[in-house]
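Shared between the two complexes below is chain A, which has chain B as its partner in the first and chain C in the second.
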Partner chain A sequence: MAAEQQYIDIFLECGSAINKHSSELLNSKRAEAFENFKKNGFPTRKVEKYKYTDADELFAPDYGLNINRLDIPVNPYKVFKCDVPNMSTALYFVVNDSFYPVSQASPNIPEGVIIGSLKEFSEKHPEIIEKYYGKIAKTEEDSITALNTMMAQDGFLLYVPKGVVVERPIQLVNILHSSVDLMSNRRVLVILEENAHAKLLICDHAMDDVKFLSTQVIEAFIGDNSLFDLYELEETHNRNVRFSNLYVSQSANSNVLLNGMTLHNGVTRNMTNVSLEGKGAEIKLCGMAIADKREHIDNNTFIDHKVSDCSSNELFKYVLDDEAVGAFAGKVLVRHDAQHTNSEQTNRNLCATRTARMYTQPQLEIYADDVKCSHGATVGQLDENALFYMQQRGISLREARLLLMFAFVNEVIDNVRLDVLKERLHVLVEKRFRGELSKCEGCAICK
Partner chain B sequence: MLQIRDLHASINGKEILKGINLDIEKGKVHAIMGPNGSGKSTLSAVLVGNPAFEVTKGTVTFEGKNLLEMSPEERSHVGLFLSFQYPVEIPGVSMVNFMRTAVNEKRKYLGQEALTASEFLKLMREKRAVVELDNKLANRSVNEGFSGGEKKRNEIFQMAMLEPKLSILDETDSGLDIDALRIVAEGVNKLKTPETSCIVITHYQRLLDYIKPDIVHVLYKGKIVKTAGPELALDLEERGYDWIKAELGE
Partner chain C sequence: MQTEPNKFVKELTQEKYKYGFTTEVSTDIIEKGLNEDVIRLISSKKGEPEWMLEFRLNAYRHWLTMTMPHWAHLDIPEIDYQAISYYADPTKKKEGPKSMDEVDPELIKTFNKLGIPLHEQRQLSGMAVDAVMDSVSVKTTFKETLMEKGIIFCSFSEAVKEHPDLVQKYLGSVVGYRDNFFAALNSAVFSDGSFVYIPKGVRCPMELSTYFRINAANTGQFERTLIVADDDSYVSYLEGCTAPQRDENQLHAAIVEIVVHDRAEVKYSTVQNWYPGDVNGKGGIYNFVTKRGHCKGVDSKLSWTQVETGSAITWKYPSCILSGDNATAEFYSVAVTNNYQQADTGTKMIHLGKNTKSTIVSKGISAGKSQNSYRGLVRVSSKADNARNYSQCDSLLLGSNCGAHTFPYMDINNETAIVEHEATTSKISEDQLFYCNQRGINTEDAIGLIVNGYAKEVINKLPMEFAVEAQKLLAVSLEGSVG
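After this line comes the complex of A and B, so read on.
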């Protein structure tokens, strides 16, 4: 209980500089966020939701902030070679927490679709953005969200108007690049109006061997009958700390797929909060974590079945090696009126060593009486019989272990609805298990 | 080809094999029979290096090399194959991937180039025919959802792919209907050459009608207590094991 003081001080001291380099709309939410942050402080491990990741401790060190938006001398379009090539995505960059200007518009993005800087477009189109910004990411409920709301100056916006289908996958690459320890606070807003389709891939990379601390808040509003895929792929390094809060609000008959994959990291805490607001909404929430050394991955999910006839399907798989720590806390709430809910939650984990730790906490809270819900969690080791069977066929123990671990996480990759990404993930995961992916492959800077 | 001398082995401190002596010559089929719990499956497990068993005494030499010093995969590479009594299901690992890895690791060990994808698929096609294994099964996860008969056929298919010098069939006939038994046995016979040998572990004469043994052994209480020609199997079928126990003075 002391880590928050420096952020309170920074805000009081630099509030006007923060405002100066952001938009009116983003600025309008800061005061309330600040009050909530000051009141609640950082969650300690006594707070149930933050039991497995010590926010107070992780936010305590002194990191630099780029409040005055000094230019970072890097052109990501030149230096960044994507880990997911051949996807021909519409590619965008956020460097630390600033949107990197696009020199020319990506082809094959239908008219009316807005993709770009949250700061810029909240100035150009406040009438659209104000209906959504800060509406589901409640600052009184989560201090990380409060901190992000009071500090974030820019980020990424995806807006797809009514009836528009964006065929081309959109890719946002978050690059962390700094010569000194750095904190960044970025904000992402996704708005899909009715009958809209979009697929977004967000990749996190850390390019320098300094300590990074990031907060990210994503709000996604998915309209009636809309279809949205969000893939998040983290490939950072052991000195990276990431706190990401994702809020999704789904209207009637919308279909959303969320897939969060952590291939390399330091400390990661991902919170996912899905609210099923309209009848017939479907959510598939997947996650995969591969961790070794002392990596730490904590996924906290909450699915709120507010109305009837919705379905949720959750699948998280972890493979933990060395002294890695994994945590999964998944809560599904089926409210009184949410009849005919169909909900399934699965969390399966492999601990490859005796020193790896997995904490799992599946929770189901049901207040409706005509529902079908199930949940299950397992923590185990690789199947000895299968290993020996493979060895008898001449497959070395190392290779046999790889095949089994790969098979284990494959189930999560199979849910990816983009074939090129799926193929690429197979390669990346295999490399990861073979130890060939010590950090992100894609960046030219770290080579 | 294989010489076993005074082999003792135990599991969890309990001694199962109590001094096995056995010689397998090139080109021969040996049957090992014996009542339940006599140590037949333990013998096969020990030969292929199952880590659950501990060898406490004795030697095993395979083509002049000390087998007991080798890892299970190395034993496979030098030509030892076990058709499991209970083949293991491996969800998520496709048969193709599994076999390709196995074949190429063996080739690597022998200093040969890895097979290309098309060479490998051609080999799969050829060998599948040996046991009439459906292509659909070859595309599934290893043994997952296979019937008992399919699993055993899959074992012989893998044997065909790996071309072992010495194959051990551990109760390959258990759980098979007559047709499957015939297909599996014919598969084994097709793979037989003057250079390869086979140990058939079974309870019943039935399998030996198809796979003709040259020599039959009876394993009882961890020792080989009787060795004779193929007529011994018929004798056992007719008279059971009691007369052998009687000969031993029990």
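After this line comes the complex of A and C, so read on.
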């Protein structure tokens, strides 16, 4: 306990400085968030949802905060070079927790679509943002969300108006760059009105070998008949701590794909809350983690079937090596009126060493009878027969293991609806298994 | 099922609790309330030695520091522990009766209504019955046969007096009084129960059986069962419950401890049919039980089988600690909830030894406005090489106002472990019903068939005598509940 005290002190001392460098709309939510944060404090491991990741301990160290928004001495457009072949994305950067100004507008982005700084656009278009900001990320329910709401000064906004299809994938690169230990609080808001389509790829990179602690809250509102893909790729380092809370609200007949991939990290806790609000909504929630050394990955998902005729499909796969710790807690709630729900949840895990640990907790809570729900979870090793078979065919044991592990996580990658990204992921994952740094060639961001 | 849904619902709601009768036996009840004096009184009434009283008092003092757990998916009304009488003795006599003539005839009638093979039936059924009505053991049969083999099967109070060394050695060794709120309460006030000891190399020739029955109003029953299977022994133990209809909620907080030594095997089967409350959720038993077995020895084996149809609220997790190498544990369960019943039940498998195996098969059936949860834990410690677990928990929903939930936990700390968990939730498919209808089987029978088929996997694990009763219970509990 008491880790929260320093954040309470900072807020009380620097509240005005935080406000000064943010927008009115973002500021308007701070007081309530602060009260909730003060009341609840950081969750300890006694709190069921945080059983596997000790937030209290992770937030205890002293990190620097860039409240006064000092300039970032880097131009990511120069140093970053994404080498996903043939993938042309509309590229944006958030450095630490501020949006990096775009030098020129990306081509092929249809009119009416707003992509950019949350701070800037919440000042320019408060009438749009107001309806959404802080509406599903409830500060009384989660202290990390409360902390983020109270501290976040900027972030990323994606707004797609009614009937607009954004063909080009949008790529947001989060860069952590600092010479001292740094904490950053990012906020992302995604709004898709009716019949809109968009694909968003978020990559996390850390430039410097210092300790980073980041909180990220993403709120995504997906309108009727809309289609939204969100890919999150984390490639940071062992000294990085990440708390990411993703909230998704889906209207009728919307189709959402969420795919979170953790390739390199320190301590990661991803929480995903999906609320199916309109009939016929479909969610596919995937996740993959490859962890070694003392990496820690905790995915906590919650899918709320509020109305009838929705379907959800969850697939999470972990490969744990060395002393890595993996945790998965997935809960599916089917409410009383959510008849004809179709829900599937799968969590499969490979432990490669005896020191790796896996905690899994697939949960179903069902109050409707005409539903089809299932979940399955396994923890095990590579199939010995398969390994033997391959060795018999002249494939070395090491190679055979790699092949099988690759095939194991491939199921998650297969869900990616962007072919070029899929191909790239294959390469990254293979490199990761071979122990090479899966950094993109020609790019100076990761060290 | 679409034809006349109301008919089935009506039939169901009119299905009365079959065993809802009360026996007029004068009962020696002590004052309501709980304090150290009450515990001393219970202990002295039972003529217990000093160490037993010490155990109770320690448990009570620890209980005072604890609070009622609220993590279960249950809506438990506030329980006033001071409004419960903690001791009731239906035999009145200080010494237990030695022959059937000494047993209160009213009591024998009750047992006969329940169909307990205590009198004539005992030879036919081949069971030794330790009948427990309220708190004191009334009659123990087949004791002589068992004695020849060196098997001890007696009431707990008798064991305290006659086998203090064994009781002292094993009491609280699996479920300590610090374990949980209800275990502490039970350890402080437990009135009686059964004690079983199977000596080395002995295979118990018959199935041991105890019927528990709550009779006097407002008396919580706190049973304690201790089963010890020494090296190379085998025993199958049956426990069944029926309770008379009562309006006020009754609390039942039992403890079952099982110790399994090298190469021994214990099979523990339960058919639980406590009074579940009426169709409006009024009354019914609160069943908060701590059951745990310790597979201490190498190649030891423990199997839990339970059919749960009763109780207003069930809070029960028969668990196994697999600390001996190559130990095996099984958990088979059918839990049926109807009307306003609530059940939060499941198991814990703690793998500590090498090459340990566990199987979990849990079938939940919810109907009416009931809530049925499976909660389980599979933990593989870092030293438990080659541990293997298979869990399957299925839920069947009959009706749109009930709930079925699964909360499995898996903590795996060893790479060689293979752990699988699967769960499905569904209702009886229209196709299955249609197929049966087509073959001339009416909807009602078809549902019975399907549910029985669904639960077969577990019922098959029960000993013959129980399997029949369990099947009947399933039918009674669910008759016409689909609409």
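Of note:
One rule holds for everything that comes next: the second predicted complex is superposed on the first by the 435 of 447 C-alpha atoms of A that agree within 3 Å, B and C clash if a C-alpha of one lies under 4 Å from a C-alpha of the other, contacts with A are read in each partner's own complex, and residues count from 1 in each chain.
Quick note on the criterion: a contact is a pair of C-beta atoms (placed from the backbone, for glycine too) under 8 Å apart; a residue touches a chain by one contact, two chains touch by 3 or more.
Just so it is clear, the model here is predicted, and its values are computed rather than measured.
In the superposed model, A:394 makes contact with chain B only, not with chain C. Of the two partners chain B and chain C, more residues of chain A are touched by C. When the two complexes are overlaid on their common chain A, residue A:385 makes contact with chain B while staying clear of chain C.
Once chain A of one complex is fitted onto chain A of the other, the partner contacts of A:408 are limited to chain B, with no touch recorded for chain C. In the superposition on chain A, A:77 makes contact with neither chain B nor chain C.
In the superposition on chain A, contact of A:369 is made with chain C only, not with chain B. Chain B contributes residues 48-51, 71-73, 75-77, 81-82, 84, 87-93, 97-99, 101-103, 105-106, 109, 141, 158, 162 to its touches with chain A in the complex.
Residues of chain C that touch chain A in their complex: 71, 73, 382, 385, 395, 397-427. Across the complex, chain A meets chain B through its residues 383, 385-386, 388-397, 399, 403-404, 406-408, 410-411. Partner chain C is touched in their complex by these residues of chain A: 48, 336, 339, 349, 351-381.
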